[in-house]
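Look for chain A in each of the two complexes below; its partner is chain B in the first and chain C in the second.
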Partner chain A sequence: MPGKNSAPFPAFLTALSIVVAIFLIAFAVGKYPVSPADLLRSVFARLTGRDAGLPEAVEIVIWNIRLPRVTAGILVGAALAAAGAAYQNMFRNPLVSPDILGVSAGAGFGATLGIFFGFSLTAIQVIAFVCGLLAVGVVYAISGLVRRHDPVLVLVLAGIAVGTLLNAGVSLFKILSDPHSQQLSNIVFWLLGSLNGIDTRDLASAAPLVLIGLAPMILLRWRVNLLSLPDEEAAALGVEVARLRLVLIVAATLITAAVVSIAGIVGWVGLVVPHAARFLVGPNFSRLLPASLLLGAGFVVATDTLARTLVVIELPLGIVTAMIGAPFFLYLLARTGKTE
Partner chain B sequence: MKRRTLLRALACVPMLAPLGGTSVFAQSVKSNLIRTFGRIPPPSDIKRVFVAGGPAAILVAILAPHKLLGWPSVSWMHSEARNAFGPPLRDLPVLGQLAGRGSTMPAEKLLDIKPDLIVDAGSVDETYLSAAKRVNEQTGIPYVVIAGRLPDSARQLRETAQLLDVEARGNALADYAEEILSEAARVRETIPVEKRPRVYYGRGLEGLETGMLGSLHMEAIDAAGAFNVAAQGGQKIGVARVSLEQVIGWAPDIILTQDPNFASRVLEDPRWRTIPAVRANRILCAPTFPFGWLDVPPSINRLAGVFWLFAHLYGIGKDDLERRTTEFLRLFYGIERQA
Partner chain C sequence: MNVIETRDLSIGYGRKVVTRSLAFDVKAGEVLCLLGPNGCGKTTLFKTLLGLLPPLSGEVRVLGETIAGWSRLAFAQRVAYMPQAHPGVFPFTVNEIVLMGRTAHIGRFATPSGHDRKIAADCLEMLGISHLGECSYTAISGGERQLALIARALAQQATVLVMDEPTASLDFGNQIRILGHIDRLRHQGITILMSTHQPEHALRVADRIALLAPGSITGIGAPQDVATPDKLADLYGVTEDEIAAYLPAGGLKHDHCSH
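Up next is the complex of A and B:
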């Protein structure tokens, strides 16, 4: 019985120390050799405001490349896992991931358009973000129009339909792009997600949006539990189900769109991390949310470290998260099956 | 109707074949550069040529512009290229490309425009060859695939010219190509390996996509004798993404690109600052008029990239660059530049 309801705090501490260890390792390894001694000296110099006397290249690698990248890993992982946990609770379905309502498909379509028409990197990110929000907006509007079915079911089905439509659009532009130019490979890489090339400006644009989205989740963490009850029962307990659901959808969409616009579509995080968190601390959302944030951050930082160090070239992050996430998911499935 | 046309065409293929008589050409060319599918008509009968993709379009546009039916795409063409071209090339429609499953040219439309020959050029592997074979079997239109490696440029020009009945022009251009390539061989011989500039070639949105060892996209750079820092990776995988940390670690002396946006951004981005090429302000942005000089698409046009690289990497013929460029554009495309 690994910590179902008993003793979540030791479990938290274990998870926290593992994540901190991952963070330190990620910071210490990379394609540009930086010795641990140089790393410590540089960090110490920053803290004390002195000059470390290191080559400028080392300083740039540590502070302008690795730090933003590891921080982006924390941000992306925490955000996707939190959105996934909220959705799995809200849709009462453990197979739900943050892109169920079409936010990733929308962002992917926006980015594809931006790449196809040769816009700047910043413009591509803005279009991806806006299209992600728009896609979910359309899905929500459709669910408001169709009133004769279970609202949650309509949301999911509308999300699948709109997502399919947008993915068809992405495929269309892939076909129209020229194989000899860089467009096609840019689109493919974008859709597979990557933290390569992320800088502090990207973080500065995405982090506030993620925090804005996380705030209502944290504040409403107790009520979110009630959404896993049937609508009538939750309503009987005094929860305005429809409004709470809307708040959660807006929050989860905001944080997912924000991280997808800077990192591309990183799959599996939002699906597999909440499962691991539930395995560790149980289904109570007030514990599940912090556990998901923590594990999500650790998972993406770890997989991104593999993506950038395993071979000479960069592997797309989405491939690594899937290769590690899918077997782990199956393992969890087998484990939870036995205990229950 | 269209479907019936297609079916009829398919039905006719095996019957027509023996009636067409044996092609003189099929026996006369024993080439390992050109692979043929179907019965290739005699050169003088080839009047309408459909090209499958960019490199083939450029090859045929250079050799026999009046036989070219259209452009497969214009996304790799310089925005001013079409206006600069003379009448046959300027007015050609955009038809779509043939690239296996990635084709934007329907087989029926192909039958409708009735080309005498389909030409593809570029990388030759089983995927391309089997796709060519299938199109030929399906439509009955003869199909040739030409291996498009830069060191073979002269032979490509000569043999394609034979195929298209423009031998005199082909020989003139092939002589020119041979001159550039043998100049390149001399440069590579005279400059010792340790004196060669260490270059990084940046592609893609952020310049973090590059050609690895033996990549088709690095051939102009390889021909000019530059040392590709990404070749240290040693993989034969064509184009790949690399991390910025990796590029800093490689510490290239020169950064090459075809993307002016990347070329200007790299000087402003503090993360690239410590790279020797950026410190020394040696960011070289290659021209793309009328097509890419280094790459994109990897075509015959890269011959211009080779002499451009001599001038910029070693200062060889630096004062002569303008004249050579003018000469190249006139000879290959009939474009007259104002000096």
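Up next is the complex of A and C:
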């Protein structure tokens, strides 16, 4: 892949302008379309503190409906992509996603429990968040008990086992749920992910957690690269491998659990986006992280816009990210196979 | 002064003991070459000396400190390791791979500076692979990867260099060049512990040679005393005649006559 690593900046600028265009389109389209002119006028009016002279409905759509939704898309996409990039690096595998250690399975199980027992939305989010963290904690603890194996392999296998167990639990509660109420469809809808219904309060609770998780990734951006070497090599180069990996697992898990608890399980973002970002700017985490944040935000805002405009009813976001993400992933896979 | 000291050292993985009761030293400023058949535990020994694998019993001291007493960062500033080359997973450029050798010298939260890039570029230049700098590490040949890993170890600017078969997959010219570099590093006062499968390489650069047979060290000392046809025949399970027939005239001839 010549030229890609030597000239990441123009590629980054191109991606940036595409993502900004996606944000503008996301503001404009929907059940109540807003013209770009109205959008600009309203934004300009807010910035200067003057009256835009637009109908109140347009103002409400822009600031109370579209803005939280686009912000949610940015937060969820950027967070999942960053977590995915970190996980792929530390597991030395470009095919892992943030779900690898069971955070989504844990959160899904927690949310299913919450919905089954008829808890409030806030309680469901809290349980999902806690169960996501717990699942990864259990996986990490198991990997600590198993010695004399490659620690990365043990983590992945423990993650698969715990994830399978939790998904079995989810299936059990689906079967047990009341078919005459909304329970089952609520569970299914939650498991497929959606930005529908995320309000400013949800954003205010998830965003700080995402920022806390991103901080160590940004600070340790150079050392994250060394985790993609075999453990012994990274150690010989001066890295406390187990400690650094634990810090990143905690950070990536916090980020993922925070957004999964408000948006449900939005698949494929954490797998596809870092892959595309690596294709664009190379594997160096100092560039991979910002590129993943940017492309992740663009990808989820774009897919969410499709999810709410493609057909009459709103599609679950997870279905759209999979429909677009999977073929795109195969395309990237075929291309990297050729150039390497 | 001894850079590395081992006392009654047993090495291996878990319950599987590879070698027992090792007791040898690496002296400051010397090149110590390890010879031994496949699977005798050369890499296992290196990993134990580098603190990457816990000793099963006994003691390892590096620069006067027990191996467990070192932090990874402080150790990496003093001891560099050139492992056997692996293909790598992500397409880092060769420049980035060599820059990773600077990690022990840059702040925990920092990225490599211009100074670090200069050192990395100098190391590539010294090994004659500057043209590979922007190539993807996953796309170059095995021998080129090995040169990149040597450059990375040099970029670490350590006083002790542990090299696992530095000449293994290199072409004839690069073998000669790398042996020349090892010689030059020795003159700069760098201590080098290396393994090789070619006794003639050991004879070319080593101050001392150690023979590692499965289970124990069977000889350690000056090259002319240790790398003799009878001892090599014993070590590798071949006859002296086979060695004499294989090695070109002049290889071990002088030593052969003295026995």
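Please note the rule applied: the second predicted complex is superposed on the first by the 335 of 340 C-alpha atoms of A that agree within 3 Å, B and C clash if a C-alpha of one lies under 4 Å from a C-alpha of the other, contacts with A are read in each partner's own complex, and residues count from 1 in each chain.
Simple rule for what comes next: contacts are C-beta pairs under 8 Å (C-beta built on N, C-alpha and C of every residue); 3 or more make two chains touch, one makes a residue touch a chain.
Everything quoted here is computed from the prediction, not taken from an experiment.
J.: Judging by the criteria at the top, classify the pair chain B and chain C on chain A as clash or fit.
T.: Taken together on chain A, chain C would fit alongside chain B, as the superposition shows.
J.: Once the shared chain is lined up, is A:I115 touching chain B (first), chain C (second), both, or neither of them?
T.: Once the two structures are laid over each other on A, A:I115 reaches chain B alone.
J.: Looking at the overlay, what does A:P94 touch: chain B (first), chain C (second), both, or neither?
T.: After superposing on A, A:P94 lies in contact with chain C but is clear of chain B.
J.: Would you sort A:S17 into first (chain B), second (chain C), both or neither based on which partner it touches?
T.: Neither: A:S17 stays clear of chain B and chain C.
J.: Would you sort A:S171 into first (chain B), second (chain C), both or neither based on which partner it touches?
T.: Neither partner.
J.: Could you give the angle made at the Cα centre of chain A by the lines to the Cα centres of chain B and chain C, to the nearest 10°?
T.: 140
J.: Once the structures are superposed on A, label A:S35 by its partner contacts, choosing first (chain B), second (chain C), both or neither.
T.: Touch partners of A:S35: none, neither chain B nor chain C.
J.: For A:P55, using the defined touch cut-off, is the partner it touches chain B, chain C, both, or neither? Pick first, second, both or neither.
T.: First partner only, chain B.
J.: When the two complexes are placed on top of each other via chain A, what is the minimal CA separation of chain B and chain C in Å?
T.: 41
J.: Which of the residues in chain B come into contact with chain A in the complex?
T.: Per the stated touch rule, the residues are 53-55, 73, 75-76, 97, 99, 102, 104, 122, 203-206, 208-209, 212, 232-235, 237, 239-246, 248-249, 251, 261, 269-271, 273-275, 296-298.
J.: Okay, in this complex, where on chain A does chain B touch?
T.: Those residues of chain A that touch chain B are 30-33, 55-57, 60-61, 64-66, 115, 120-121, 124, 175-183, 185-186, 189, 194, 196-197, 199, 308, 312-314, 316.
J.: Once bound in the complex, which stretches of chain C touch chain A?
T.: Going by the criterion above, the answer is residues 13-14, 47, 50-53, 71-73, 75-77, 79-81, 83, 86, 88-93, 96, 100-101, 103-104, 106, 108-112, 134-136, 138-139, 152, 156.
J.: Across the complex, what residues on chain A touch chain C?
T.: Chain A reaches chain C through residues 1-2, 5-6, 89, 92-94, 148, 219-223, 225-226, 228-230, 232-233, 235-240, 278, 282-284, 286, 340.
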